[in-house]
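These notes concern the structure reproduced below.
Letters are used for the chains, namely A, B and C, taken in the order the chains are written, and counting of residues starts over at 1 for each.
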Amino acid sequence: MSADESRGITSEYERGRPLFKIGRTLLNGLVLLFLVLVCLGPILWLAKSAITPTQDTLRYPLELWPNGVDWENLRTAWVDIDLKLYFWNTVIIAFGSWAVQMLVAVTGGYALSVLQPRYGRVLYGLVLATMFVPAVVLLVPLYLTVLDMPFTHWNLVNTYWGAFLPAGASAFNIALVKRFFDNLPREVIQAARVDGCGDFRLFWYVVLPMSRPVLGVVSVFAVLAAWKDFIWPLVVLPDPAKQPLSVRLPRLAGVTELDVMMAALLISCALPIAFFLVFQRLFLRGGLDGAVKG
Amino acid sequence: MRNHRRRGLTALATIASLASVSVLAAACGSDGDDSESDGKVKITVEGWRPGDEQGTIDAVNKLADEFMKDNPDIVVEPVEWEWSAETFSTQLAGDTLPTTFRVPFTDTKGLAERQQIADVTEYVNELPYAEEFNPSVLAAATGTDGKIYGLPTDVYGVGLHYNRDLFEEAGLDPDAPPTTWDEVREDADAIAEATGQAGYVQMSANNTGGWMLTTLTYTLGGRLQSEDGTTASVDNPATAEGLQMLHDMRWEDDSMGKNTNFEWGTINEAFAAGKIGMYMSGSDVYNALVTTNQVDPDSYGLAVLPLSDSPDAGVLGGGSVAAVSAKASDEEQSAAVLWNDFYREKKNYDPAAAEADAKVLAESDQPIGTPTLPIFDEPTWQGVQDAIAPYVNVPQDQMSSFREGIFDQSLVPEPASHTQELYAILDAVVQKVLTDENADIAALLADAQSQAQALLDS
Amino acid sequence: MSSLLTRARGSASTLVFLLPMLLVFGLFSWWPIVRSVIMSVQQTNLVTDPEFVGLDNFRAVLEDPLLATAVQNTLWFALLALVFGYPVPLILAVIMSDVRRAKGLYSLLAYLPVVIPPAVAVLLWRFFYDAEPTGVFNSILGKVGLGPVPWLEDPAWAMPSLVIEATWAAAGGTVIIYLAALVSVPPEQYDAAEVDGAGVLGKVWHVTLPHLRGIMLITLILQIIGTAQVFLEPYLFTDGGPNNSTLTVLLLVYRYAFQNTTGGDYGKATALSLMLAVALALLSLVYFRLTRRWSE
């Protein structure tokens, strides 16, 4: 990370030349302006509209509160159209999916990378192969599976387990964690083995304590993915009282007044944005090595 | 210190996941049918639409309580539900359908044929009025095998809904809605000119485009299918005339607004928000406009559709059948029919029941008196209307054109075979005409005709 | 230490560790994949027993006049996404890599749209795309004397409109990937280029872009695979309209399965899914071969 501070595309000499300096500052400024307008702009506009009466948003979409601010929208959205229920549903789904993904990725990655069973390579290949099967291709058979689980005949439709468990089947997570474990210093593991460490002790006291970075990365992406997911919860949670925001919002869009709808949209993206700001380092740096080279 | 925190985090994660697995086992294990252990039949029933106000929900629950008092062996649980072809089969497979729900006339036969709704002939025949249904209405609830698959509970004719405020703003008389399509076009133009809102809008998406194009065709004397549903006649002069009119309103007059992607729910929303001068929909849509979209009653008007001089010109009529899930047990089927009789059908037949129902609805400010059409014979219908008259709270004066005119119009049922698929084909045609100024209507219809015929031949 | 003992113990505990993965993948990935192959040769209404129909489902899909439309639209979407979506993150990343102050702010802003739930983004953009002159985008265009543009209301405009939103929603992720790759450009190469008299653009052309070559290929293929699966935008924006101009392959799969009023044609849905999966698998194969060659 410090290498890029010492030099980038431009050299210190070039940056010292006055004309070049102006041009570069201008370009950087333009890019910043572009990013603010394009990336932040729509979200700021949404925030504005969330507290603007409907007619103002419709007639003067670009003006700032021509007829005052209406904070009531946020309360109406939260209470009257019951956004709080869907908000907590989303939180539950995000937490459950996270827990399942962590369990599967960490244990699976450990077994494949450290324990290295003979059939490990085949298994890993089978896991990776699922990356190339589009999620929607599996929609129907997955739905039918969840409807009537093999052997047990449990019906997970309209239960949160139907949302949590399939999230665990993420080849991306397994690959990320396995690669991380592959790069752990083998000497430490050897030493622990020599000390008589069994598989469980090795996992718990040696490998896990060293894997905080990758756990963080898997966690943030797991939570975000669960928050963003749309089509699977749409299918597996037909009961409106159990649905997350993503599924509920399009349904409400046709029957909710515009200003309240905007407030609802704002509330729905507030948590992921806050989450992103808090864990920005993991989002912007952590996941990349694995993602890029994997 | 750091080491401990780290370990704590992962330990927590592992414990949480392990704990959740055991909870899963417990949760799923106890998923038995405890509902019938106390000798009661438990059914879930279609209660309200997504987005309905609390008053609607309260009214249904109140009626459910009353029903359960009369039928102590039945437990009724009303749930949010709205017919959607999109989720129906997954809900059926997932056993998440309510025990009973309403299905449009157009879908009943297909569902019956695929055994996705239950044959309830014996339960329906036990009802006192089983012999008295208007035969053409009962036909809509009857499968090709002659069995009855539900109770036809509401019948509508398509009407022209209009915004009285926009009429006034445009200098038009809100008590004199248009009576010919030319007048519709003129008025729409006047409204668009004067108010900047869309003068006339027609649904175009999610099969409603086909539904409304069929309606328009009927008013101009055309048909899209032979009566027995074996031959398609999509490419007919009336449909072409209707599409040409839409094209001219959209592109020459510019009186249909710039947004054309509407379906049943979104057009209601836009109308209630005052963005639409006129549109066609079922005569009973006022109920949804009130409970879901909070329309201003004073601004609402309902007229009969203009019919051309053709002897075949008529107005499209449809309705819904209260059907029962194919997965319901015999007891549940029987209970569901009883509930439908109590909640939906008796009030169409028995003036006393109609009055009692109106009373409950009135207490929670639900709309009463929205125009419907007879399910039994006309005197029965009239008796019911008289019984609820004291409770009427919808602006019936503003619906007089429809209330007085509808019985002079001939009601034409929807195309008999593959109706929704035919509508899907027509959706694309309507969308093309509304979004492409240079759309070749003749070519579009010729193409749609061959698709529609292929559908019937398959 | 007895090797026999450890191996015996080891294999049992290995299984314990593998169990969550085997269960979850087995039940929710491998089995559904196998099942979709089975279903593609069956007809089922989900109530009565399924019936074996051979290749009828595949034939029915291939005979569907909408299939050609859907394939064309998907390719069109992929092409537009390449034209709009591919260069934007690259250009941004190259410029941003040379920013010295507040670099974090740039990345933060660029990534922000990625965390917005797609359903929220589409609903918001659907409002932006209001075709009336008073719509948000048309108001902005109006201020500079352009428009109004019909956006989603015109068969020709609808797809580009979807692509713009999709690019907005996804570009940040690609920017971050490029930025990460650019960190590892050896400074000596820039020094050497300067010695050869290269200007800034010369350095970008001769050093930066060649360094990104491998990554660019990966993001290219990933983007094509991603766009082949586009579903949410056409589903929520236009539901395939107007006049099927945004009907994509996956939307067609979804329609077969869930929107068909004949009660869910799961056979046709899985048949088309499989055909798409095979096409993507071939593409992935090409991808692997290419990346191997490039990384050599």
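In the analysis below, a residue touches a chain if its C-beta (ideal position, glycine included) is under 8 Å from a C-beta of that chain, and two chains touch if they have at least 3 such contacts.
Since the structure is predicted, the reported quantities are computational estimates derived from the model, not experimental observations.
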For chain A and chain C, chains touching each: B
Maximum centroid distance from chain A, chain identifier (CA atoms): B
Geometric centre distance via CA averages, chain C-chain A, whole Å: 15
Where chain A and chain B are represented by their mean Cα positions, the distance between them in whole Å: 39
Where chain B and chain C are represented by their mean Cα positions, the distance between them in whole Å: 37
Touching two or more other chains - residues of chain A: 100, 103, 144, 235, 258
Residue numbers of chain B (touch at least two other chains): 17, 87, 90, 93
Set of chain C residues in contact with two or more other chains: 20, 46, 258
Chain A residues within the chain B interface of the complex: 54, 81, 96, 99-100, 102-103, 106, 143-144, 147, 152, 154-159, 161, 164, 208-209, 211-212, 215, 235, 238-240, 251-252, 254-258
In the complex, chain A residues that touch chain C: 1, 3-11, 14, 24, 27-28, 31-32, 35-36, 38-40, 42-43, 45-46, 58-59, 61-62, 100, 103-104, 107-108, 110-112, 115, 117, 123, 126-127, 130, 132-142, 144-146, 149-150, 165-166, 168-169, 174, 196, 198-200, 203, 224, 227-228, 230-231, 235, 245-247, 249-250, 253, 258, 261, 265, 268-269, 272-273, 275-277, 280, 283-285, 288-289, 291-292
Parts of chain B lying in touch with chain A, wherever the complex brings them together: 3, 6-7, 9-10, 13-14, 16-18, 20, 24, 27-28, 31, 49-51, 80, 87, 90-91, 93-96, 265-266, 269, 273, 292-293
Sites on chain C touched by chain A in the complex: 1, 9-11, 13-14, 17-21, 24-25, 27-33, 35-36, 39, 46, 92, 94-100, 104-113, 115-120, 122-125, 127-128, 134-136, 139-140, 143, 168, 172, 176-177, 180-184, 187, 190-191, 194, 200, 203-204, 207-208, 215, 218, 225, 228-229, 231-232, 236, 250, 253-254, 257-258, 266, 269-270, 273-274, 276-277, 280-281, 284
In the complex with chain C, residue positions of chain B that touch it: 17, 85-90, 92-93, 107, 110-111, 114-116, 204-207, 257-261, 326-327, 418, 420-421, 424, 427-429, 431-432, 434-436, 451
